[in-house]
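Each chain carries a letter (A, B, C, D and E) given by its place in the written order, and its residues are counted from 1.
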Amino acid sequence: MIVFENVTKRYQGGQPAVDALSMSIDKGAITVFVGPSGCGKTTSLRMINRMVEPSSGTITVAGRNVSQEPAARLRRSMGYVMQSSGLMPHRSVLDNIATVPRLNGVPKAAARKRAAELLDVVGLAPVLGKRYPSQLSGGQQQRVGVARALAADPPVLLMDEPFSAVDPVVRDELQQELLRLQRELAKTIVFVTHDIDEATVLGDKVAVFAVGGKLAQYAAPEEILRAPANDFVASFVGRDRGFRHLAFNAADAVRLHPVKMVQSAERTVADGGPGEWALVVDADGRPLGWSSPRDGTGLVPGGSLFHRGDTLRRALDAALSSPSGLGVAVDDDGRVAGVLKAAEVLALIEETRQNREERP
Amino acid sequence: MSNIFTDTFAWLADPQQWSGSSGIAVRLAEHLQYTALVMLIASAIAVPIGLYVGHTGRGRVAVVAVAGALRALPTLGLLTLFVLLAGIGLMPPVWALVILTVPPLLAGTYAGVSSVDRNVVDAARAMGMTELQVLFRAEVPNGLQVMSGGFRTGILQVIATVSVVAYINLGGLGRYLFDGLVLSDFPQMLGGSLLIAGLAIAVDLILALFQRLFLSPGASAKPDRSQPAAVDLTDPVTAEAVVQGGTS
Amino acid sequence: MGWFLANSGHVFDLAGQHLVLAILPMVFGLLISIPLAQFARQNSTLRSVVVTATSLLYTIPSLALFIILPSILATRILDPLNVVVALTIYAVALLVRAALDAFDSVDDDLRQAAVAMGYKPAARFVQIDLPLSLPVLFAGLRVVSVSNISLVSVAALLGIGNLGMLFTSGLQRDFVTEVVVGIIAILVLAVVMDAVLVLLERLLTPWSRASTKPAGGASA
Amino acid sequence: GGASDPLGTAPATGGTATGSALVIGSADFPESQILAEVYAGALNSAGVTASTKPNIGSREVYFKAVQDGSVDIIPDYSGNLLLHVNKDAAEVSAEDIFKALPGKLPEGLAVLEPSKAENKDAMVVTKATAEKYQLKSIEDLAKVCSELVVGAPATFAERAYGLPGLKKNYNCVPKKLEPFSDGGGPLTVKALLTDQVQVADIYTTTPAIADNDLVVLPDPKNNFIAQQVLPLYSKAKMTDKARDALNNVSRILTTEDLINLNRAVSGDQKQNPKDAAAAWLKDKGIVK
Amino acid sequence: MIVFENVTKRYQGGQPAVDALSMSIDKGAITVFVGPSGCGKTTSLRMINRMVEPSSGTITVAGRNVSQEPAARLRRSMGYVMQSSGLMPHRSVLDNIATVPRLNGVPKAAARKRAAELLDVVGLAPVLGKRYPSQLSGGQQQRVGVARALAADPPVLLMDEPFSAVDPVVRDELQQELLRLQRELAKTIVFVTHDIDEATVLGDKVAVFAVGGKLAQYAAPEEILRAPANDFVASFVGRDRGFRHLAFNAADAVRLHPVKMVQSAERTVADGGPGEWALVVDADGRPLGWSSPRDGTGLVPGGSLFHRGDTLRRALDAALSSPSGLGVAVDDDGRVAGVLKAAEVLALIEETRQNREERP
């Protein structure tokens, strides 16, 4: 839907910030630009809405050359979210969200109404609408930024490191929220980040840029982790890519075994007799920890939990982090569904690999 | 009307105007003397207070209020008041000018010290500097840029306002304005004005030069400021805006 | 006090004239400085030229300006217009700098965000840059207000009606009370003007009073 | 000139000759302000609307103000007025001066009848100085002139009766001229009393002369020419009614009146000029 | 060496920022304070050198109560490094480093000489000594900060998020550099971070703080990952702790197998015949990629490499990320030393776990 054709950008008299970029960005998908600092991600993104004009080459959006469109109108047809939320401090949250509709001539009342709906869409309480941006937390501000970008219902969303200034926990939340939104809205999203984790979590496709504005690899994240096109990509993708790649494989096929369970209230010194680990659960069957085979009283903290529907990555981590070597799987209510064994997860991984090998 | 300007230059070029007990040279010297005296006294008052308040953060509100009030006092009124109370002489006008000059010096010193990155101050303290060392080795050298801004504003105001002081009976270049005024001698007034403005510019250029020579290039490196003015004459607002902005 | 009560009409009269002479230059100064500063922002050369030039204006002694202006403006010597123009020049000298600082104080990310949302330059200036630079602009305006109110009194040396006349007359009559009343009246005017400006700023920038602490996470 | 007044703080000065209000200006010293108030009070009482515009400045300034229509009438002093319009005037006596004036005044300006009241510049010393140097008149100054500092308005350096006149008439070149901006007011007196200046140019109607026992040095060579108080006006707006009212004032006003008025304003009473003028007008029956 | 006894800090009239903290910090080791924002890490650190005075309780360093020492002298006996390097902008890099020796009365020349040595110690080129801090990159500034803290050779080093403002690649470098330095210098280092990864990489011991200034767990990083003391610690430590924990087990015992290798130059279409993966190496025996069993020409990008001496974490990742399922092990020169198998690594992991179980 968005096509770069041999696009080069050279800021006054320097090396190219973007060098002969040709790529085609899919409609209705999230495409992530990732790469080290200064590699031209922002420049590439901003050429799409003409915040930066290319030195040469053309960019088309839905078949129309952007350089032919009036800049202001073009921009209003694309949502834009950036790192610092860029909210107008002098306008209430609702008015911030209503900005582009207002610029498009939508009456104030209608624009506000739409803004209130969007507040809900991005998961913010209606009361926040009357606040000023400075009265929101960083994460809330970013949500407002997203809502504002969505306000005019643009087909394209440009996002420049929108979540990089918030803390890791909130970042996770925002990423999940974005994925949820995208399932509903199916926008064409171009997302810039320098965090390869974020890129692989969010991207339907990932474009890895190398310094000097060159496109080093452009592929599905799974492929980038599994088969980095060259050393640069491999080193950028980092050391844990074996684990991370597992995140692209569902663990539905993993076998769950029954496990000896004791209710916390019913425990006695004798419980979990010698030689066997027992899972200590609460009255609702939620895991609390392990009872060691040699000590019936102490509660050994459990490992990470595997939720139904999680990936192989989670499955393996659950097994590896468990003191008993048995990963605890829970259902949607957090109740123990069984345990999984590392060796079986590994077998599944190997199977997946061989399947891939067969149809390369 | 057009010949006002040629007359002015004739007046300025006349060697006779430059010599003698009421010549330009003497007036210039007087003007500088008053300015120096005022700056000396005002600095002696404002700098220690500014340093103290900037360093400790104590008394900030009081200092802002007092500086604001002093700024609102009309120099002409003070001048008349002091002369009526103390009689003619050197000091009454000088005190009026001191009151005019204390606010920018105070604001500049205070703003200079408090403009220093708190992390730098914190690091200085963490390295084991005593409070005085923190002040004179970390805060003052790094705040000097802003502080000298206040100083330059002050000195410009004094140079320009010493002329008002001639209203009583001090000398200085202001005499040309008053003598010219009562006589409707426009070339003399214009010439006097040009001399005062020229003096102000010259003094400011010299101060700018000093600033460049004696300020650490590291401390003055302001990568975010697009570009400083070629002749950074005066910065009356910024230093004060820092102070005033804090109150509102 | 007695003298003030007996002559309060006269003092209020002068105060009124004083206020007009102080306020008009601020208004004109703003009207000139804001476009000038915006113009100077175009590039750094232009900026330093404008800043330097306006700073030079500030070095002209006020008295000299009051006197010289009639021959430049073709006004009469007693015309208050001379004072208004002179003080406007000083106001511009201070306000151009303040306006530049004010515009600089606007986060560049915000400008970018506005451009990205499709604002055209004029709309952006009026709806984004201007309101957001108000706090710094007002700081500058408050300095100008105090400085102007004090400077107006110099015009009394030329017989232009304002509170400064209490100084010249007090001097000639060896009358301290009159001078003190003049100083206090000017002080009061300055304080009142400052209060008005602070109030105005509050009215114009309601967001800046909003607490910056996120009050309780209300996100779903 | 000619720019219209955008502020409305100055009284209207529009060109119509009839019926419009008159503006009385004054110089930058109290006596002139009192006289302006006296004129205005008398005019108003006679049914001519008049307002004042005090404290315009020195003659150079207010003369222009009358010329350019900023003010319509201003109290002035005959001798200095003549010298102002004719630098080389040789007239000395009151009559000669008044006769010479009309011919020298520029187009559009005129003066009315002078009053008996006179206020001239005078060389004043303290009693102690007079005794020390045995000063009886300005002639005695000549011998010691070069040791003495003269306190006077800055204009004294240029005036015909000032330094040039002292030199010409008395061969006196003082050591220094100390300029004061209060028109022979309290500062000048203070400087004289504290010996910062030894000779001062003080107006003869200054109450401080008597109050401080100062000595006015006689002026045998008539360096300080006659200075009768008289209204200088712009013909454009003068009416008969106004003329009569002003002439009436001039007929009544004496030098003694001036001294008393000055004392009321600048002495301990600190009456404002308008009140002092009103009291005098009432006292003399000009205002009922 | 540094002992907190029941230390509480309450800023004017608020909740405690640090609440009844008692802990003992080992001499010559790196102790990391980690925890979410606002949990009192900085406050605790700054009480050690009296930048903050405790509301109650005592802190002793080498047996001496800090509150009895003159603050300035105490501080000079401890190096301090913080997030923003806090370098004096008006002094050259050398003079910055020389600050504390100069305060201690060391002559200028001697202090500069020492500073120049330290520049080398922290891995900066001598030419940088004459620059001003603003002329250095963020990472370089942090190195200077460390050099400055070391200048007076203090026994104690306090570091408050020293690396959090630099980008991930530089951060890695700085962490390795710090570990290298510490091996040589053996200072007592207290290091604050909010990044659990950094904590586990650097810390000999890790103190996890919970909000409200409470010490939630204080243990070796390995133990914190394996057995978080409670849910707060477990959730703070994050999901991947199974993998991360592997980083604390050496993989020396892992078996290396021979692998079929082809020199890149000698490859023919027939190579790596059907059914077998072959490792493509260069003339020196360094791995280039894999040759697939079904396609002798293409070069399949390899996975991450296992270096001799690496941990189980690296070993497993090497196996999982390899397209052939065989992790490539290399020697110190980067030459192929053999391949390892995921299942064997897993067996080793299980063995380690059981050993732990036996001697708990």
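Please note the rule applied: contacts are C-beta pairs under 8 Å (C-beta built on N, C-alpha and C of every residue); 3 or more make two chains touch, one makes a residue touch a chain.
Here is each chain with its UniProt name: A, E = ABC-type quaternary amine transporter; B, C = ABC transporter permease.
A quick note: this is a predicted structure, and the numbers were derived from the prediction, not measured.
Asker: Trace the shortest chain of touching neighbours from chain A to chain E and give its length in steps.
Answerer: Minimum number of steps from chain A to chain E: 1.
Asker: Applying the touch definition from the top, give me the chains sitting in contact with each of chain B and chain C.
Answerer: D
Asker: Using only Cα atoms to place each chain's centre, name the chain farthest from chain C.
Answerer: E
Asker: Quick one: which pair of chains has the most contacts?
Answerer: B-C
Asker: Between chain A and chain D, what is the gap in Å from one C-alpha centre to the other?
Answerer: 91
Asker: Centroid from C-alpha atoms only, then distance chain A to chain C, rounded to Å. What do you get?
Answerer: Measuring from centre to centre gives 52 Å for this pair.
Asker: How many angstrom lie between the CA centroids of chain C and chain E, rounded to a whole number?
Answerer: 57
Asker: Measure off the straight-line distance from the CA centroid of chain B to the CA centroid of chain D, and report it in whole Å.
Answerer: From the centre of chain B to the centre of chain D is 40 Å.
Asker: For chain D, which residues are shared contacts with two or more other chains?
Answerer: 57, 61, 64, 181, 186-187
Asker: Can you tell me which residues of chain B touch two or more of the remaining chains?
Answerer: Touching at least two other chains: 83-84, 167, 178, 181.
Asker: If I count partner chains per residue in chain A, which residues reach a count of at least 2?
Answerer: Not one residue in chain A touches at least two other chains.
Asker: Give every touching pair of chains, nothing left out.
Answerer: A-C, A-E, B-C, B-D, B-E, C-D
Asker: Using the touch definition up top, name the residues of chain C that touch chain D in the complex.
Answerer: Where chain C meets chain D, its residues are 3, 6-7, 10, 17, 20-21, 24, 70, 73-81, 84, 156-159, 161, 165, 168-169, 171-175, 177-178.
Asker: Where on chain B is chain D touching in the complex?
Answerer: 21, 83-84, 87-88, 167-169, 175, 178-179, 181-184
Asker: Give the list of chain A residues in touch with chain C in this complex.
Answerer: 49, 51, 71-76, 80, 82-84, 86-91, 99-100, 103, 123-125, 127-128, 131-132, 134-137, 139-140, 143, 148, 158
Asker: State the interface residues of chain A toward chain E in the complex, per the touch definition above.
Answerer: 36-37, 167, 194, 225-230, 234, 239-243, 245-246, 292-295, 300-304, 314, 316-323, 325, 342-343, 346, 349-350, 353-354, 357, 360
Asker: Mind listing the chain B positions that touch chain C in their complex?
Answerer: Those in contact with chain C are residues 1, 4, 68-69, 71-81, 83-85, 156, 159-161, 163-164, 167, 174, 177-178, 180-181, 186, 189-190, 192-193, 196-197, 200-201, 204, 226-238, 240-241, 244-245, 248.
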